[in-house]
Each structure stands twice: as structure tokens, then as C-alpha cells.
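The structure follows.
Residue numbering begins at 1 within each chain, and the chains themselves are lettered A, B, C and D in the order written.
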Amino acid sequence: MNNRNETAVLLISCHDQKGLVATVSDFIYRHDGNIIHADQHTDQEQSIFLQRAEWQLDGFGVPRDGIAEAFRPIAERFAMDWDLRFTDHVPRVAIFVSRLEHCLYDLLGRYRAGDLRAEIPLVISNHEDLRPLAENFDIAYYHYPLTSETKAEQEPRILAKLAEERIDLVVLARYMQIVGPEFVGCYPNRIINIHHSFLPAFAGARPYHLAYERGVKIIGATAHYVTEELDQGPIIEQDVARVSHRDSVDDLVRKGKDLEKIVLARAVGLHLRHRVLVYKNKTVVFE
Amino acid sequence: MNNRNETAVLLISCHDQKGLVATVSDFIYRHDGNIIHADQHTDQEQSIFLQRAEWQLDGFGVPRDGIAEAFRPIAERFAMDWDLRFTDHVPRVAIFVSRLEHCLYDLLGRYRAGDLRAEIPLVISNHEDLRPLAENFDIAYYHYPLTSETKAEQEPRILAKLAEERIDLVVLARYMQIVGPEFVGCYPNRIINIHHSFLPAFAGARPYHLAYERGVKIIGATAHYVTEELDQGPIIEQDVARVSHRDSVDDLVRKGKDLEKIVLARAVGLHLRHRVLVYKNKTVVFE
Amino acid sequence: MNNRNETAVLLISCHDQKGLVATVSDFIYRHDGNIIHADQHTDQEQSIFLQRAEWQLDGFGVPRDGIAEAFRPIAERFAMDWDLRFTDHVPRVAIFVSRLEHCLYDLLGRYRAGDLRAEIPLVISNHEDLRPLAENFDIAYYHYPLTSETKAEQEPRILAKLAEERIDLVVLARYMQIVGPEFVGCYPNRIINIHHSFLPAFAGARPYHLAYERGVKIIGATAHYVTEELDQGPIIEQDVARVSHRDSVDDLVRKGKDLEKIVLARAVGLHLRHRVLVYKNKTVVFE
Amino acid sequence: MNNRNETAVLLISCHDQKGLVATVSDFIYRHDGNIIHADQHTDQEQSIFLQRAEWQLDGFGVPRDGIAEAFRPIAERFAMDWDLRFTDHVPRVAIFVSRLEHCLYDLLGRYRAGDLRAEIPLVISNHEDLRPLAENFDIAYYHYPLTSETKAEQEPRILAKLAEERIDLVVLARYMQIVGPEFVGCYPNRIINIHHSFLPAFAGARPYHLAYERGVKIIGATAHYVTEELDQGPIIEQDVARVSHRDSVDDLVRKGKDLEKIVLARAVGLHLRHRVLVYKNKTVVFE
């Protein structure tokens, strides 16, 4: 296998202790690893240490499949939560949509241009509307109609399809359904949603209408991991745009679309490049 | 009186009807007025017409004191809410503070530099701390200690002082007390507060702590007119700043201070230049 | 013809004089026009008056084809430069591209979603690369290879094609060729270019490389009308994004792409909604 | 000496080599240092490694005065450029001004509030205007009139005064004079200037006038270290604000003042917290 440009990424969190940076960097150095990115953060209030380290597989003294084994004693010594990822594994992504196309269209454009390091084998929707768009990109489109009655039986089918397709990441690209707790439990910190407001303002439905009624001067969009509580998961990325009294609800929706697609794409890109670490319902984004 | 550079400003709101722009501009034109700013906005959803017109007093065919009388028939014909202001009247402003000085310090700096068209005859506080700062600028400082017991008797004293000083505008520059309904009633749309969050997110107390706990990626500040409902009044101006996981609560407070002082100063400046019109708990800002 | 929601738009510039607002609004009012947007601006330094007025055709007392004739005496009296447009005329747009697809892809997505009020009958390029993308949208794609030798003979062919297709607006969506003075002369203030820097910084070639070398902390993108002088035309819209020392040139290019597509789309949208007025190599954007 | 909260800061740059992170962190760990911040960056293009490490002096196994000696062998082995700083040394800052007061006023406000970790023993100016402001803060004010004839003889006097006051950092807070090469040579990367434009746009004089004439939609401010070439030094911080055709030159100046004071204060704060590392005429800002 030619892994010349491939790297290993360690994401670590644990109780803050002396020697963490020294021990992890020594582990990589001792095996001739060439570090191309290392960043750490200590949450002083909680005494939590968080680190990301990335080094080249090429020339590393431990074979790819032995790295986890070699690192385990260190992890155990410091009681680390840790995650080892390899960039030669390309994550498989499922995109969920309803009727609005701008986020799906934007993600597929990046995919097409090679800007997303991922495979996108399928799009899932509760409507038929966006099938032509997905098929235009030769991506399978699965329609699971959802009503309050059918939801309980449809979700297991969706989960089975995701399992069959070995999906690593679920992206809710303006999917207007709430995913159930069982679903969330299957993909912890692996479901990214775009919410069309500056959370925690205007959580829930119809945020642009609420923003209009409140007369805010700035609107926003928020990408977050989905947890059991609606719109309460760890925030990955947010951005805002200035508006004025001249903007009708339709104008807010139009301006918001550009925010939504950019913020969602940034969050997905950060996740796919293994830049996001979750702790205490927050994210550390190692940019 | 030399009013060469002085102007009259009309702020109008009424039900949308044909002929409004034509009639108002004709009124000014007919009397040889030189319009230096005119802007209007129609809220299509509510069918409300809102207008700001500003013209030079110099050369205008109606004397200053007769303008209201001359305009009244038009106002009545269209059932307008209207407000006529003159820039040769310099508004008198009272600044309320508690212990934090950055907003007061910033406003007084602008005042000193001649950037605020206002008189600031007094600063009012529930603490003694900022007396030296006010006195440094030769501004009277009044200390009204407030506890839950004394509040009911102190507020009338404060109102009496404001009346005695003929105050036009009250600025709550990080004043950590809630002003009562009677107070608000005395100064409708004439009390500006700075709230240290991006409203409606984190209304109420300790917004930076809440923002830190929620893990937002952007913080904000909001200047609004005070109404009876806490932090629910019409928003005049907002701004935001990017933060990251590296920012502690103290960092948010530090970064937030710069937002607060800039946003408050912008809102006060817009109000003093008669650029803000309130309707339906929102503002139209004619910039 | 059902023109229930269609409007007329007047864009006016002239020497500042008394009575301009009154006369124009009276013209609309006298003929029972319902104004839905009116905005004006006076450049005090140059004594130039600039106005945009938009009213509903439905119910207007002058038939569509007679409006210009009816307005002409007013225009002549005040020596106005003026432009009368109707929203029932859908502008025809040609998009020029080279090899980079993100701007074209984004514009076509908005077109597909009905967010651009325009017809896009053709895409023109000096390369074959983006033909599949255009054809995916059933848009004709014309390839005009350009070398320094062939340019002189190719440009007239391109102009002939544009004339044949009755093109109203040319959008240079990362078209990496300089259009000649004759071309510019055919489409005054009707060629919009996106430049991948915050002009006037980094005009000309390779702006991201220059930004990287200079170590700027913020990058930008600029949409402007094309004039004979390279990157010197009237600016319609700009936006920026924060960068850091961690960003390589490739990162700047990646982040810049999102800026470019959003800024270009905003500028094209403003032009198509008749919101932009050019004077003295600047724009007034009536938002 | 009680140095409980005091820290040591290492700023390192050198050719990128394996083992750098491991060796530096091992040095701190071996002596029982508690790292509270560590960040590194590799400029891949230039193969330059840059690092900042900060650890508590309290409990560190090497006494404060021996740390440099203890670290020297590591520095020599990797041929590092390095800088060791201690937070118990409070830098001494001289502020230079001309006639505009907003930046000085803002810096002194932060100083007064304890937000700047510095001593400010003197203000230097080529005018008398701001003497009352400095004296209000009990800060010595030195007036050095400068004309093209006197400049050559005045600058050595200024330098002598700075030496006498053991100044560590010079802040040019809208000082409208160019400091000479000898001056710059005395304070390499220790003179911070605020330029009132988004560099490299509008370098040199009258940037707001030029921005107005060019019709830009966004203005900016840039804080940078001063080098021999005017406005060409390493950029520390920049920020921008949106403007429109409605803004006159005076409006740009007014809006720009807020940018200038915030951007300058941020840059000075970053420098004083030892967060800025200069290489190749750029900065790495370890935030």
C-alpha cells in the first residue's frame, strides 16, 4: 500500500496531568514519526486536557495496524478517552434532505470538485422532490415517507440501510424531521445538523419568522452534532449576516440559505478532516 | 439665531396609502426646503408606511416655530404618527452605571471629542465606584443605593432628578438594575440599554457564563430600547465577535466589553441623530 | 398580459436641485401608481442626486409603453440621466468561465432553484472543461480557444454570438481572460467580474499567493463592473473572511472560493433586481 | 518572591526537524513544569517550525534565573531562534501620538481598568494637544516638535528618552510621523503601528479619502510591526467594517476610529501576552 501522504490522527481527552504532551510527542518521535500538526487545549475550569496530533504514516516505525496496540499502554496510564483515525480510510457519508435543495446541492458540488474527502453513496429523504438532483450525481436516492404513524416503523428501516452501507457520518441537510433517540444512539457525535438560526436563539421551528418578528439586526446559522435534545447538541460552527428592517421574511430566508450551506459545509469538512473533538456537550475545533 | 447648518427632521409612520411620499416631499418643496436626507420604508406585511425626511432650516419658507402647525393638516389627513425634531435642540442625556466602567468611559470619550451631539449633565449610579471617572469630566454624579427594600422609594427620587435636569434620553451603560414600569412609562423609546449577549439568546443574567457553557462559536451584544418586559424591547443595533474553545469566561467578558461599548455608542449616536423609528416593538434605522 | 406583480423601476442621476423628490413622486402619484420602493441619495461632495423608484404596473394610469414618453419632459427639465426598466422583461445572461467551476456551479444552482430572475441561454469558455456541467443544465456551451494570437479574431466572434442571443448581462465567473476595450464598450456597466481579492489590494494575477506572502489576517473577494482598466471598475459588492498563519495558500484558495461564489451571486442578484446605479466609477446600491 | 501565578514563555523558531515537540515538552516535564499553553505551527512551504510554550514558574525544578542556561543546549542542538520571557516582568510601554486622541484615550482606559499588563510611564508627541489627556492619567507627556529640518536632531533625543525610561514597546497610536531607520533598528518587532486601512490597500497617506474615491464597500484597519519600509511590516491584526454609498469621508473617518482603536488594542494585548512570533515578515499569533 502506498500511503505516502496518508497520516494518522490521535484525538485525546483526559484529566489534566503533567507529562501528557511530553509522553504523546515522545511516543511519535520514538517511532520516527513526522508530526505535521499538533495542538492541545486545557479546559482550566474542568481540568480537562484535549489534544490532536497528526503524523505521517510513511516512515513511521510502527505498522498502521499496530499503532493502536502500541499506544494503548500510554492511554491506559493517563486514563485517556482516545480515538485513532487514518486518512487512508475515506468516511462514508449519508445526506438526509426534505424539500429544500440548497445545502444538498452545495455539498454535492464540493463532492464533485473533490473538496470533500468522503464517499457519498446515498441520499435519504422523506420526500421524492430531490431525487433528480441526487441521480444527476449518480447517487442512490431512498425515499422513506414519514408520518407520525409510520415514523416508528420507518426509522429502523433507515438505520438498517445505513448499516448496510457502512455509513460513518450522517448529515442532516435541512432534513425537516426529528431523528429519534435510538437513531441518535447509533451515531453519537456522527450526525451533523444545520439549524437555520444563531443558536440558542430561535431553536425549534420557523426561526426566520421568529427573527423577523423579533426585529433582530443579525441572523445566523448553526451546525451542531445531534443529541437527544432538539437543537441542544455540541456546536461545531456558526456564522451570521447583517439584516435590516428592509428585509422581509423571504429576504431572511434567501440570505439565510447562503449562511446555511456555508456553515454546514465547513462543519462537515472539519469533521471529515478529524478536526473536531467533543466533550461536555461542546466542541474543540483544532483548526 | 444662526441656524445655517441646522435642520428639521420628520419621522412619520402611518397606514400605507397612495400619495404619501408625494405629499410630504411636496410640502417641503413648496416651502423651498432643501432636502438633505429622505428615506422611506413600507412594511408590506403590516401595510405600514415609515418615513424620515430631513431638510435645512436655512431658507425654509416656514419659520421654525410654525412648521408643526403647517404640517398638521397633512398629518391629520393621513392619520400619521409623527415627530418633528430640530437639530438645534441638543438632547440632554443621563448615563446610568453600576460598577463596570468601559461603556461609560467610552461614551465620555466620544463626548469629550465632540462626536456625540448631546449634553451629559449627570451620571447616576447605585454604587460610588465610578464617581471619580464622572468628576474627571466635570459631570455631576448622583449615588442612589438600591436594595430590594429601598427601590420603591428611590426610583421616584431618580425620576425627580431626571425631570429637574430636563433629561431627553436615558442610557443604561451596564446598569445592573431593572428599571420599574413607572420609570419606563416616563421615557417611552427614550431609554437605551446595552445587553451583553446576542438577543434573544441569553436574555437575563450572566450571559457570558451561559454562552461559555453552551459552547457557542460567536458572542454578541445588543442595544435596545427598554420596555416593561426585561430584554424584550425594540433592538436598535447588534454586533458579534468570533470566539473559540480557547476562550475562558474571562476572555468572553474581555472580548465582549469591546462589543458592548461599540454597539451602545452606535445606538446612542443613531438615536441622537434622529435615525431610529419604533413600531410594533421593532426599529427602522434610517442609515 | 397579466402584469399583476410586475413593476416599473426608474433609476435617475442628475445635478442636485430642489424639487426632485417631489416632482418624481408626484409623477407616480398623479397617475395612481403604487410605490413599493423609493430611495434616494445625494452625493453632497459632487452635488449629484441619485434615485431609485419602483411602482406597480397594475393600476398605473399610463400604459407600459407610454411611460417613457410621459416621463421624458421631467427628465429633460432636470437634465437627468435616467433608465426605465420593467420587471416583466427577464434579462438574458451569458456566463463566461475558464476551468474553475465553483462560481458557475453556484449560479446555476440558484438559477435552477428559481432564485435568479434571468434567462441563461449560454455559457462561454476558453476551455472545454466545464461543458458537462453546463450541459447538465441544458445550457448551450461555446468553446472559444484563446491565445495571444487568436484573441483579436475570436473576440468579434464572441460578440456576434452574444448579439445573436440578445444578451443583456455578461458574468465573468472566474474567466481568466481580459476582455478587450471593444467588448467592454459594447456592454457598459453590464459586465460583472468576480475578483478573488479585497480590491484594491492584490489587483491582477495570483492574489491568494500575494495575500499569503504578505501575511494578511483577512482575505476578501470583490464583484465589480468591468471597465477598460483591469480590476478598476465600480465595485458592487465585497466580503471578507478571517484567516490565520495556519492557512496555506491552498487553504486561502479553498476559503476564498466560498467568498467568491457568494459575493458574485449577490452582485448579480442586485443587478438583476435593478438595485445598482453607477456614477463616477462607483456604485449606489439601493438595498 | 511570590510567583504563584507567574509563568515562563518560550517562543521558538527553527528549521523543521523531527523531535522538536518531544524535546521541548520533555524539557519542561523533566523539571516538573506544569504547561498551561503549548501551541506549534509548521510552515510547510518554508520548512520552518514555530512554537510557543508557557508553563508555571511555581514548582518548576529550575530557578527562574537558570532556565535560559538550562535550555541553551537544546536550542543549540536544533539551531533555534528563541526568546524566553517571564510574566513577572511587566513591559514598559511608550505611546506616541499626534493630534487624534481616540487610540490613546482607548489604550489609557484599558490601562486604568487593569486590562493591559504593562507600565505606561510616558506619552510622546509632536504636538501639545493631548498633554491634558495624558496628565489626567498622571502620565508624563513629552513634546518633541518635528519639522523636516529638526527631525534628524530630534529623533536621537527621543531615543535617549526611551532608553532612559527602559522602554520595551513603542506604540504608534495615530502618530503622523515616519520613524527613521535608526529608530526602527533600536526596536525590532517592538514598534506597533495602527494604519487606518486594510493593508496592503491604501498604504500611505489619506486612506479614507482614497477608500471613498474608490467606492469600496468595506473599510479596515491594520496593526503591524514597524519596519524600514512604510506600512510594509508584519501584520499582527486586522479588522473591517461595512460601509455604503451613504457614507461620506467623515463617516468613514468616524467608523474607522472604532476599528482603529479596537485593532490596535488587540495587537498591543497580544504582544504583551507574548502571543506573537515574527518570521519572514509575517506573524504567527498563538491565540
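Operating definition for what follows: contacts are C-beta pairs under 8 Å (C-beta built on N, C-alpha and C of every residue); 3 or more make two chains touch, one makes a residue touch a chain.
These numbers were taken from a predicted model, which means no experiment stands behind them.
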Intersection of contact partners for subunit A and subunit B: C, D
Identity of the chain that, by mean CA position, is farthest from subunit B: A
Of B-C and A-C, pair with higher C-beta contact tally: B-C
Approximate Å spacing (C-alpha centroids) for the pair subunit C, subunit D: 42
Distance from the mean Cα position of subunit C to that of subunit B, given in whole angstrom: 37
Set of subunit B residues in contact with two or more other chains: 44, 244, 246
Subunit D to subunit A touching residues, read off their complex: 18-19, 21-23, 25-26, 28-30, 32-40, 42, 44, 242
Subunit A residues within the subunit C interface of the complex: 101-102, 105-106, 109, 112-113, 115, 136, 244, 246, 254, 258, 262, 265, 287
Complex contact set, residues of subunit B against subunit A: 41, 43-45, 198-202, 214-218, 220, 234-240, 244-246, 248-249, 281-285
